[in-house]
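Every chain is named by a letter (A, B, C, D, E, F and G) in the order it is written, and numbering of its residues begins at 1.
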Amino acid sequence: MLKPLADRVVIKMCEVEETTKSGIILAGNAQEKPQIAEVIEVGPGEEVEGKTIKMLVKKGDKVIASKYAGTEIKYEGQDLIIVKQSDILAIVE
Amino acid sequence: MLKPLADRVVIKMCEVEETTKSGIILAGNAQEKPQIAEVIEVGPGEEVEGKTIKMLVKKGDKVIASKYAGTEIKYEGQDLIIVKQSDILAIVE
Amino acid sequence: MLKPLADRVVIKMCEVEETTKSGIILAGNAQEKPQIAEVIEVGPGEEVEGKTIKMLVKKGDKVIASKYAGTEIKYEGQDLIIVKQSDILAIVE
Amino acid sequence: MLKPLADRVVIKMCEVEETTKSGIILAGNAQEKPQIAEVIEVGPGEEVEGKTIKMLVKKGDKVIASKYAGTEIKYEGQDLIIVKQSDILAIVE
Amino acid sequence: MLKPLADRVVIKMCEVEETTKSGIILAGNAQEKPQIAEVIEVGPGEEVEGKTIKMLVKKGDKVIASKYAGTEIKYEGQDLIIVKQSDILAIVE
Amino acid sequence: MLKPLADRVVIKMCEVEETTKSGIILAGNAQEKPQIAEVIEVGPGEEVEGKTIKMLVKKGDKVIASKYAGTEIKYEGQDLIIVKQSDILAIVE
Amino acid sequence: MLKPLADRVVIKMCEVEETTKSGIILAGNAQEKPQIAEVIEVGPGEEVEGKTIKMLVKKGDKVIASKYAGTEIKYEGQDLIIVKQSDILAIVE
């Protein structure tokens, strides 16, 4: 299990199944895909370099993160990204 | 629904219908278009990295944002931009 | 009407009529033109990212601003610039 | 023995034996290797340049650190990396 | 009249008349000219972006300023420079 | 004698005699040499630009410093380096 | 007389007479010359941009300053350098 430190959050990009009603998978335009990720693990926040950080996201949230932010890792066969919470822009409800 | 985190604001550029009185759509000069956006969602502000941020804009406000600021996203068929409130320069009333 | 946020100020470069006494308009050297702007609107200042900013300029002031500072906008047919007050160097009286 | 100063942590990249069940060592794709390191020594934290830093990792922890962070050293025949704790992204449990 | 804002100071480079005793003007080596300026106007200091700045120079002082610092302006036929007080290195007495 | 100011430390790289048991000096691979230095003098720490710095190293300590950090000086025939304490990564005991 | 502002210090590089015992002046290797300067004038320190700076050097001290730091000036026929005290690394006693 991954336990992010401080104000870090482990996220996983959501796969977008671009299938038409008739079942054909389309090679969609990458730039038109929603950039939605799922929160996998959340750090404890608290005192981070002298500032108090309150964690605003929780496990299971769907979020939009800054493009290119964070560190990509491969963990137990999954492609994950570890970002700082400040790189998460919005929660999708 | 998109819930921006911290001091972030979701905006949508206003479309400018450049139509003459006779109904002809003109390919206007992009640099002469007003750079006005509508506020779609507003984050809660509050404690943002140790600083207290008071949100100054509200849903429905027409605003002028810094060019190139923020992250463009495609959400439910809409082209939106998520900016920090500090990238919003003025409210248009 | 434009309502600048926080410590921002809307200014408009003053036009310099370079006309000799005999009425001839001269194509003056741009670098010799005074760089004077008029203050059109002033933000409220107050708490700006955790710092208290006191606004020092008022509507109608003639000011000298840093070259290249701010964001140029076109609003109701006017060429305006939105700058932070810290980009205003001096008031001309 | 190495005693890291302040909020520094000495880590050692874990070797990944890429051996198939039949015992053949594979020249794996470097980008697919887990980026896991073991914590060898931990600094005391405390007052670091005017900020109080609480150490969150301990000797023996398996961690994921930012790629390229820190200073590589060779010490007693071992390839070690000295990183700041803020370059450690997550603990692997 | 120019009223510099905050911790700004209006200075004017002193002209150096490089004339020999026999009255011949020499094309001196620019790098050997003293870099002395006269203080023309001084801002009020006080609260500048959350810090209290005490003004240390006064009108008429001869000062040495950082090369290339500040904004050159042409005002009422004079070549002036508006610098922050922190760009003034020393007073010449 | 050199008295470093504030949080500075004077160090001297340790010479590594790469001699085999049979007495032959080897032209070792520079990158494999331990990067160990000896602390020659230590500044008083205390108030350094508004922050309180506690000195953690003492004269005679063997330390590992960041590569390329500091200013190389030649003093009384010795090649020394003046670094900030924050450029010292670990003490070797 | 030069009165440095705030935490600034006026220094003068010491000339190194590289003369052999037999009186021959050698064109020494610049990189081997000691980089020692004499303190000519010291600013008052005190409140410098919101931080309290205590001056640690005094007129007449021999010091080692960061290479390339500060502003070179020519004043009354002397080649001087105005540095911030934080660019002075050590006092030579």
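What we mean here is this: a residue touches a chain if its C-beta (ideal position, glycine included) is under 8 Å from a C-beta of that chain, and two chains touch if they have at least 3 such contacts.
Keep in mind the model is a prediction, meaning the values are calculated, not measured.
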Steps in the shortest chain-to-chain touch route ending at chain E and beginning at chain B: 2
Neighbouring chains common to chain C and chain G, by label: E
Inter-chain centre distance, chain E versus chain F - centres from mean C-alpha coordinates, in Å: 43
Averaged-CA centre spacing for the pair chain B and chain A, given as whole angstrom: 24
Multi-chain contact sites of chain A, meaning residues that touch two or more partners: 50
Category of the chain touch graph - line, ring, star, complete, other: ring
Going from chain E towards chain G, every chain in order around the ring: E, G, F, D, A, B, C
Chain A-touching residues of chain B, taken from the complex the two chains share: 1-6, 8, 10, 41, 43, 47, 49-50, 71, 73-75, 82
Footprint of chain G on chain E - complex, ascending: 31-35, 50-54, 56-57, 64, 66-67, 85-86, 88-93
